[in-house]
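Next come the structures, one after another.
Here subunit A shows up in two complexes: once beside subunit B, once beside subunit C.
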Partner chain A sequence: MGKTIIKTDLIDDNNSFMGTVKSAVKSFGLPRLIISLFLLLMFILAPFVGANFFTQLSNTLNRFSWNAVLVLAMVPMIHSGCGLNFGLPLGIIAGLLGATLSIELGFTGATTFWMAILLATPFAVLFGTLYGFLLNKIKGGEMMIATYVGFSAVSLMCMMWLLLPYHSPNMVWGYAGTGLRTTISLDGYFNQALSGFLRINIGHLSIPTGALLFFGILALGIWAFLHTKTGTAMTAVGSNAKFARACGVNIDRVRALSVIMSTWLGAVGILVYEQGFGFIQLYNAPFNMALPAVSAILIGGATVNKASITNVIIGTFLFQGIVTMTPTVINSMIHMDMSEVIRVIVSNGMIIYALTRKSEVSK
Partner chain B sequence: MKKNTIVSFISNNLVPLMFVLICSVAIPLSGFSFSYLLAEIVTRIARNSFLILSLLIPIMAGMGLNFGMTLGAMAGEIGLILVSDWQIWGIPGMILAMIISVPISILLGTISGKIMNLAKGREMITGYIMNYFINGIYQLIVLYAMGVVIPIVHSSILLPRGYGIRNTVSLLAMRQSLDNLLAIRIGTVKIPLFTFIVIALLCLFILWFRKTKLGQDMRAVGQDMEVARASGINVEKTRIISIVISTVLAGFGMIIYLQNMGNLSTYTAHSQIGMFCIAALLVGGASVDKATIGNVFLGVTLFHILFIVAPSAGTKLMGNSMIGEYFRVFVSYAVITFALIMYETKKRKALREVGRSLGLSQTRLSQSKQA
Partner chain C sequence: MAESPLLEFKNVSKSFYGNNVLNGISFTLNHGEILGLVGENGAGKSTLMRILFGMNVIKETGGYEGEILVDGNLVKFDNPSEALKAGIGMVHQEFSLIPGFTAVENIVLNREPQRKSIISEVFGPRLNTLDRKKMDEISQKSIGTLGVNINKDMLISNMPVGHKQFTEIARELTKKNIKILILDEPTAVLTEKEADTLLKSIKEMAKRGISVIFITHRLQEILSVCDKVLVMRDGVIVRETPADKTTVREITKWMVGREISGISAENNESKIQNKKEIKKIMSVQNLWVDMPGETVRDVTLDIFEGEILGIGGLAGQGKLGIPNGIMGLYEAGGKVFLNEKEISLNNPRLCLDSRLAFVSEDRRGVGLLLDESLEWNITFPAMQIQNKYLKMLLGGFIKWRDEEAIKEVTEKYIKELSIKCTGSQQKAKELSGGNQQKVCLAKAFALEPKVLFVSEPTRGIDVGAKKLVLDALKKFNKESGVTVIMISSELEELRAVCDRIAIVSGGKISGVLPAYTDSEEFGHLMVSNVV
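Moving on, here comes the complex of A and B:
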């Protein structure tokens, strides 16, 4: 009983201190607040369980730099009203094709990275165009179909990785001489191509400046694009398609453009991930790449049809923070490795929360 | 006229026909004997049909393919883990596991139904994500709570560290106890008659259920939620009930499935089951909004023929058995994708036609007024 009275008081009296707190909580989003506080608690607890604060922060930053571009790939499609991009594996496949082709063509060192982006681009544009065309045919059912288009593409490519005529001895199975390996080491190719660039080391703190800078440039590019005429049209299509049509916007074209952009960013995103991780993962690996990216942007405060660059940055940091911090802290506290389970529950719970928000369904 | 019906028959049954075509190429390639193939198919029909039948009721209620059937499978698994710890085997063990699974399934089904009611129009993706979410909670219970909070006596199913269940739980003492009841052997083919009786009973139940008041309500809700609401049906409750029934049946189905397999992969047994069941149903010619019992049996037969022959056909054709493995996974995903796309385009077409006929009647009305 007491609780309900307090609640009504808060709503009645918006000018009071508690009222401001409550409206601030509301605008920040309760799940995001809980996750932020949880992460903060982890950072506070870290020194007590014997983990170095700066090492942990470096790990988080490092993982942030690997994943941020993949999360950024969600933004254009959310903006144009195509929903959460569960079809991210399509972009990832374009990126993988770029990376493997770049190695196959004999490039070495950091050049491989830039060549990989260049070679992935036509694939990303092609896949994105087809994918965008399909999504325009099935407006309203994008997310489920996107998921399965991604899965179909990944399993089709599983066969292709075996059959395509790759020959580079660093990539194919040693004994058969054909078929790509499941994991390909990037040593001598683009391992740390960005992260190693201008890396700052202060004691235990290590900042992958190059990778952060690269993300920054892409994010700035997307931000600037969203403020151009086409970008504004994209936002208009996403928030109110009828209004946009009345203004003379070609909805299908804008949506297709957003899908191509998302797919290309997915391709670049996986390359950035690989240069940090140090390996190319083929076959079934892309299956599990979409959900973490989706939940990261949702944790950052995005909704099914609204997302900003800030959402990307906050979301990736929080998500990757939890991924890196919970194993060390929770394990040393209760001697159980519950981090994986916590990650699964938090990230998928977040997606369900976003899918069920009523205000977004009506649009 | 006759040509038209052939064309429409082909376009309506594109997926099953495609499968018949693929199978007719792949069966001779695989080199399996007819009797081996028949024995395998009979086993797999008995193993999977119950699970696939559990998908029918939510389709009737217009909630699409219930990707959340995995929740029921998890409930069934929890029942089996507990029963095998209590060392109750055979048919009594199975029945007890089913009894244990029912309250868990009802709970999970209610949660899932309520969440789907909040996400109307995207039930499928919500159910799909629910899988992952509840899988996390399942792991929390089975990997951490069992042996600590939930007492587990026998160390044979416990991890060496003292809590959590091992990766595989042997159900050897329960293996095929249902299938061997009243089993008939014709040559090398074993027909698990009792399992088929159970499946037939479920089919009868579904047929009967369609005719009940609740079943009629569900069909009304499936056709048009607003009209159903206007005629006094509690739409939300009806939808939740349909998901609960599906979840409970999926739990039973999983127990039947696992007694045939004879061991339980604690953390992976349920992960793909929803996908394979849905793919099998769609292969049988079902769509997102319409599925019959006939679709189930045609689908399970065609889908599993491909499953049996694909690896060895792949080896013969490409010299690599992995190609066949990947091919069958690809086919499962492609079939689901295709069915989803067909459903969405059909829905849009229907909407357009409604709009057109409305527009037409408007113009006619104004014309008649002018006249």
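Moving on, here comes the complex of A and C:
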């Protein structure tokens, strides 16, 4: 026995450098490392294929500002142990209802944005409450159910967008006079409502200060919330629900609260996205928002039941960086549209990877 | 002796992570002999049988020392199938039967007699058909030897538990080369009549030359059926005796009679004598608790202010159900009064609000936030229930975590309980079992309870840590005057710490005695109405 111990010690000594590298890679996460290096490579290659570095950086920052709040919407539910919010479309629908109602009621300019948040809130709370009630019934299988909640909500709303009595000529189908269009332009409403605020332009670099600031405020809010008594309880419920219950915490209530918060952030998130993008997208569009957001927070280093604001920021930046950089760089290199393929591989691959890691949670 | 014994253990020892659980076990088992193996929970019976049966867990934790001989040949089983080949059969406490199959199908499972057909001639023996008739015959014969009447075509899921147990034994008997049969508490689930039948069939088996190792808590059964009794305690065999030369009383004495090293039983008499002046703090009336495996049927108990009350008893008799039920973690009924005021059951929050605290026996499952820091673990309950360690901002609208106060109190407890850790930020899962237990205690102490339930405080921790944990409890009781109710499977531990000890048997209190009473008396109460 003694001999073996000495032997392993020697091996450790010889490989101490490799050991540090290995543990550093392990703590940073191999997928995160690969994606970071890939993104770095893109930025290095960009000038060689004729793309301006600062333009590319601006694009990335811009897309970051659109998407960060949607990624932030993952955090409360992860903390309370409800897993990744695959039901994000539900929150998005609340946001879309807010946006369309705000326009229907005749608001114009940036006011539409704030009114949209206000109008979306009751929907988000209502949907969140119902969704939370459902998730409390199926503890342990949240993510699967959440996915289908998203699916069915989107499908239901596909009908509702046609049937709801909207009349604003900017939103309904021109020839029929009823039913909302698939894409609604936000010109004259809240296009660039946040991004245009205090925008900094230096040569090719353009920073959407307002939108970044808005995300910063929300992120600060979540960070602060997690430092309060209720926030602490939420993290504890996610960490060990039995422990929390034995400490007198009403698990169901805390979980429901987290779902409502996530849903509301989803609603606000889509409004932020739309103000940057310039259009409201209805019908099947909410489908395409959940997976990138889930994937982004996972790339950021979150696990199924642990997530921090840092994870959100890093993840969104890496993910959106790849989405913006690959089309320009790869396409001009191989003259083929590979960007979508790479994006899909990255986002879905990341989700699979994270779900297989679920067993690492100590119980 | 002309022939060598069928089974021989020579100086077998086993330790789990430096904890010695078996120490120099030596015994022999002859052909056709029935050996009774008794001992308290944790005495090492199961580990011993696991070694013999080659269970994976033994190999994974570093194997064992010593030798095992079967028919005079040295053996070392790496997995159960090797043990099976060598003729060792085991009937587990848990049923390993397939519920959707009939008794016959279960009995001959994977050893079915087969019939060849044209298809299997072409495609190989995997497509042989089952010889149902022969299967029936084999099973019927095996069931017949047990002397019970089981419908061989009945699905296992429809059977009463007793029949399941018999089916499992019948399965072991159909194995052709079976020489040794290990029965781990086979009568625990049987009615008295079924148990009698089983005992009879055990005798039958022995007559046919099969040796039986019989583990049970029902000592009367041991005496009536066994040739030889082995009494185990703390991983050693304390007594080996022919069954006809001993009594139940003697065996219980051997089972429990011991002093824990390092903890001397204090003289608690003075405290007891003053009991009349001490007022009743808690009273439990007709409590029932539906906790799986630890059902409480009807418990009535008075607890006096400032005492340490021990609750002991064998595993599965319901002692763990009592605190879990009162604290609202499992469905419960009956009445519990604290200071003459009734506490409603099934609501953990209300119990905690009335200043009860509970240190769970399920340390890793219920007791700790494994992924969080010690700070969180120790302060969380007090923060949630009593709004401690919070800063009130905006007139109490925002309850902000007071990191400084949290750090301070955590460090205080780390020092007081000498918790070995790298700092208050270390994660709970990185600590050893004993230190985790101390964190659980600190968590309860931070609540400043009036009544503290401590369930199995020393389970799974080593001897040194045991003493520290028990000392901490005693100190807490003495200094803060808190009433402590300690539930433990280890009688000597209770005797060393408690003022009075209540023994639970069959979901009921079978007696409450002062701690200085002979352990023999307690042993007797433990087995008085075992179910």
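Criterion: the second predicted complex is superposed on the first by the 342 of 363 C-alpha atoms of A that agree within 3 Å, B and C clash if a C-alpha of one lies under 4 Å from a C-alpha of the other, contacts with A are read in each partner's own complex, and residues count from 1 in each chain.
Operating definition for what follows: a residue touches a chain if its C-beta (ideal position, glycine included) is under 8 Å from a C-beta of that chain, and two chains touch if they have at least 3 such contacts.
Not measured: the values here are computed from a predicted model.
In the superposition on chain A, A:Leu134 makes contact with subunit B only, while subunit C stays out of contact range. Look at A:Thr111: by the touch rule set out above, it reaches neither subunit B nor subunit C.
After overlaying the two complexes on the shared chain, residue contacts for A:Lys229 are found with subunit C alone; subunit B is out of touch. Of the two partners subunit B and subunit C, more residues of subunit A are touched by B. Touch criterion not met for A:Thr310: it reaches neither subunit B nor subunit C.
In the superposition on chain A, contact is made by A:Ser239 with subunit C only, not with subunit B. In the superposition on chain A, A:Thr356 contacts subunit B only, with no contact to subunit C.
Put simply, subunit A uses residues 361 to touch subunit B in one complex and subunit C in the other. By the touch criterion given at the top, residues 86, 134, 137-141, 143-145, 147-149, 151-152, 155-156, 158-159, 162-163, 179, 291, 336, 338, 340-341, 344-345, 348-349, 351-352, 355-356, 358, 361 of subunit A touch subunit B in their complex. For subunit A in complex with subunit C, the residues that touch the partner chain are 227-230, 232-233, 235-236, 239-240, 242-243, 245-250, 306, 361-363. Subunit C makes touch with subunit A in their complex at residues 327, 329, 348-349, 351-353, 358, 360, 362, 364-372, 376, 380-381, 383-385, 387, 390, 398-401, 429. Taken in their complex, subunit B has these residues touching subunit A: 115, 118-122, 124-126, 128-130, 132-133, 135-137, 139-140, 143-144, 318, 320, 322-323, 326-327, 329-330, 333-334, 336-337, 340-341, 343-345, 347-348.
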